[in-house]
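Chains here go by letter, A, B and C, matching the order in which they are written, and residues are numbered from 1 within each.
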Amino acid sequence: MFDKNLIDLSVMSTEQIDKIIRKAKKIMQSPADYRHACDGKILATLFYEPSTRTQMSFQTAMLKLGGRTIGFDNPMNSSVSKGESLKDTITIVGEYADIIAIRHPVEGTAAAASLYAGVPVINCGDGGHLHPTQTLADIITLSCEKGRLDNLRVGVCGDLLNGRTVHSLIKTLAKYPNNSFVLISTKELSVPLYVIDILEKNGCKYEISHSLADAITDLDVLYMTRIQRERFASEEDYQAQKNVFVLDKEKLDKAREDMIILHPLPRVNEITVDIDDDPRALYFKQAQYGMYGRMALILLLLQDDEFFVENRPFVVSNHHCNNPKCITQQEPYLPNLSYEKLGMVMCGYCDKRID
Amino acid sequence: MFDKNLIDLSVMSTEQIDKIIRKAKKIMQSPADYRHACDGKILATLFYEPSTRTQMSFQTAMLKLGGRTIGFDNPMNSSVSKGESLKDTITIVGEYADIIAIRHPVEGTAAAASLYAGVPVINCGDGGHLHPTQTLADIITLSCEKGRLDNLRVGVCGDLLNGRTVHSLIKTLAKYPNNSFVLISTKELSVPLYVIDILEKNGCKYEISHSLADAITDLDVLYMTRIQRERFASEEDYQAQKNVFVLDKEKLDKAREDMIILHPLPRVNEITVDIDDDPRALYFKQAQYGMYGRMALILLLLQDDEFFVENRPFVVSNHHCNNPKCITQQEPYLPNLSYEKLGMVMCGYCDKRID
Amino acid sequence: MFDKNLIDLSVMSTEQIDKIIRKAKKIMQSPADYRHACDGKILATLFYEPSTRTQMSFQTAMLKLGGRTIGFDNPMNSSVSKGESLKDTITIVGEYADIIAIRHPVEGTAAAASLYAGVPVINCGDGGHLHPTQTLADIITLSCEKGRLDNLRVGVCGDLLNGRTVHSLIKTLAKYPNNSFVLISTKELSVPLYVIDILEKNGCKYEISHSLADAITDLDVLYMTRIQRERFASEEDYQAQKNVFVLDKEKLDKAREDMIILHPLPRVNEITVDIDDDPRALYFKQAQYGMYGRMALILLLLQDDEFFVENRPFVVSNHHCNNPKCITQQEPYLPNLSYEKLGMVMCGYCDKRID
């Protein structure tokens, strides 16, 4: 597998992550120096499901580097609607473009695409699985606004069960020393056990809280996410709790002056609009940091021969992944890639257990 | 409110309008001088409803200035479909782009967007309310082809009740001395009374006509618009009148040699195709003038510190607008902006009377 | 009719075709020399039906020449949905762009567009009629990979009745000396008689085969196309024959070492995936050649005053084309263009017999 891809941030070392952050900061300091860095290069944004903000962020990043973009934002307008395989589409686009940013509703698609592209592939979201450039945006924001990625007390609030951005952020911050977490959610929406395992293996302190108002008082960072109404166990639960996890002025008044508020966006109503002008509210600025992170990533993947992404030692196995949401279910020609973890065999695309 | 927007042409002084026209003419004379005027700048075209021609006109304008574009042409492909507020979308896009061109089916949306963008916003059409760059195209055409914006006898024909481009053109030309108007329509589709008020307040002569064939004989300009079949009071009315407001060779034969024909496009059948090659038919050239007008506007908004758009003195009031088509009905966090006019309180977004 | 269009490759002389091929090869050899060849120029890609690959190929071609692109990929997002005529849309786009690439589901649309564009028009597919830049991709591949366009023994396999790319390839290769063809298909999907006529008129040898396994043994080129299940006469026929026209490892083992495999793509299952890594499988590289062909074509149409496309001697006739799939059925203002061929009167748009 080509080693110039960003499929999964969790396989990267902190040195690699820090390299991206340093590059992003250099670009922020003097963007004019990078206005022609990618002259003549083409980014393809292949969005098999719409995500305007992520797509515009990548397009802007490439344009600000002097490059250009091609792509689509709608599967129905693509050759997919004629029954073309992912392999064929990616192989052809790899002939046209110098780098590919792909979003797809099916888990493992970016990894599968990287087998055939011949150029770097960036995962812009593969179903509920991974969205590494969102996490990149999060940690660049932390690095710029808090000045560090360690010794942080981070509250994560909302749907901790299904929120892939939360899992990815926790996994990444757990690599840095002395971060601690307050996990704020309903019981039904607690973090999955495997995330707790990661915290414990890395020696991270963590607390569980069912009240944002209580937890907010002593945080460096509050990371908010959306809870969808249908996630509550019952209508009564929803009515009883709907406001408990909404950040409003009253709760924010209890927070420290230097706490910062992040959110992966889109927001619905989990942060009230009257907070937007508070200097601690950084969720819009976070999107701008994300754009600089994408600029750094594109530059490093295209130009830095020493920047590569470590990969797990995949093997071709006999076992086919059974996860019905895995790309291997749709694209039968894909090799059965797997790797071992704690004695288990895991799918090389969707990271679910195979055997 | 940021003063580098074009939301409504009618609040601009004739000096400001003339400045745009002069700039457009300079660009037409030597387009090569402007090929790098917006190098490194990004225009976002946010089209919440499709309008290929307007969007392509803006994209072409920006590309010919050396800039680049991002954007979308379909609400279903945007984050809107995830329930994101206009404020959040615009705030983020304002972080990516240097200038925003927005089209939206709801009245007042461009004004609302300008509150949050942080960069200049251009209104490309907000429902049935305003479409100022169309009027800009119209008056640049008049200035270039007739050599003046005053002392014109202008026939406007078609659906004068619902045609926002006609209202806007009349309001703008009424600011210049000694223009007169022939209002050619069915009784049912006459101009609204408020337009008559503007004409009278500005001392403009006007006549009302129900026959294009009669009115056409003594005009400097004929501005045609589409009448939709469903606008007629009954099928009998439609059958009786459908041809009365169609410009064909026979009627055109009665017009002066130096009369020019404009149309905002798209045309359906209100101008017969056999007229297209007549030298007086300028509706296609008008679209090209519009593109130069958009180039001038982008340049002035981005680069001319002394170019700004006067605004009405808005106040934040207690009254919420009741117009069901106003953006304030959809986006509840918007402040209640209003202004006074002739003793009435008007909505700062949709310009409808509030109290 | 403007003579700087590519509507139909079959009216071009071999000298003109060779000129395009030579230019494409020069670009391949030193692409950097052409990075600013189209600076400041705009290509409009008007795709009235989606075809991601073709559209991305044209966009990439223009971007690699330093030009820029505007356009749409969806009829529902275009002014077409407001009832605008092709003439009006094309006239306006011709004011914005320097060259137009158009794809449309209706036959003859590119020819019709070329009447009004005022700038060069390239046919990117007009219904089942023509797709000349695909054929251009095919013959550039042959020229580069086989070193010649004559003395080739070419197998064409699949749906030879409906495959416009096959017909166009045969017509083009028939102009070069001493090419011979093996026509491999079911009886029901044999080439139309008019193609046989062309072969015979040009003195080309040809054979008919119903077995890919038999025919493959002595070919310079195998051109595969898709057979759709519904093309078979009955379900029994399909079950009996479905594998006969699939290229797999077993059949490929019988082919010569220097045979090359082409396919216009998208592929469904007529070539098994395990062949993709065989050095003879050139269908992905063919797409890259196509991109270079499009670069050459854009360059020649925009910059080479001596490059023009010969046209048939059209006359305006009294006969209206009756082909229900012809653009003249939808756009009533189009002049009745026709030409004579073998004593018959043919439609100037869709090339079907009129009288």
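Basically, a contact is a pair of C-beta atoms (placed from the backbone, for glycine too) under 8 Å apart; a residue touches a chain by one contact, two chains touch by 3 or more.
Predicted model, so just to flag it, every value in this text is computed and none were measured.
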Practice problem: Same or different, please, for the chain A to chain C contact, judged on whether over half of the interface numbers appear on both copies. | Solution: different
Quiz item: So what angle, to the nearest 5 degrees, turns chain A so that its CA atoms land on those of chain B?
Solution: 120
Self-check item: Whole-Å gap between the CA centroids of chain A and chain C
Solution: 42
Quiz item: By residue number and range, which residues of chain C touch two or more other chains?
Solution: 68, 74
Exercise. Using the touch definition up top, name the residues of chain B that touch chain C in the complex.
Key: 32, 35, 50-53, 56-57, 59-60, 63-64, 68, 73-74, 265-268, 273, 276, 284-285, 287-288, 291
Practice problem: Note which residues of chain B are touching chain A in the complex, please. | Solution: 40, 42, 44, 68, 70-72, 74, 76-79, 81-85, 87-89, 91-93, 95-97, 333
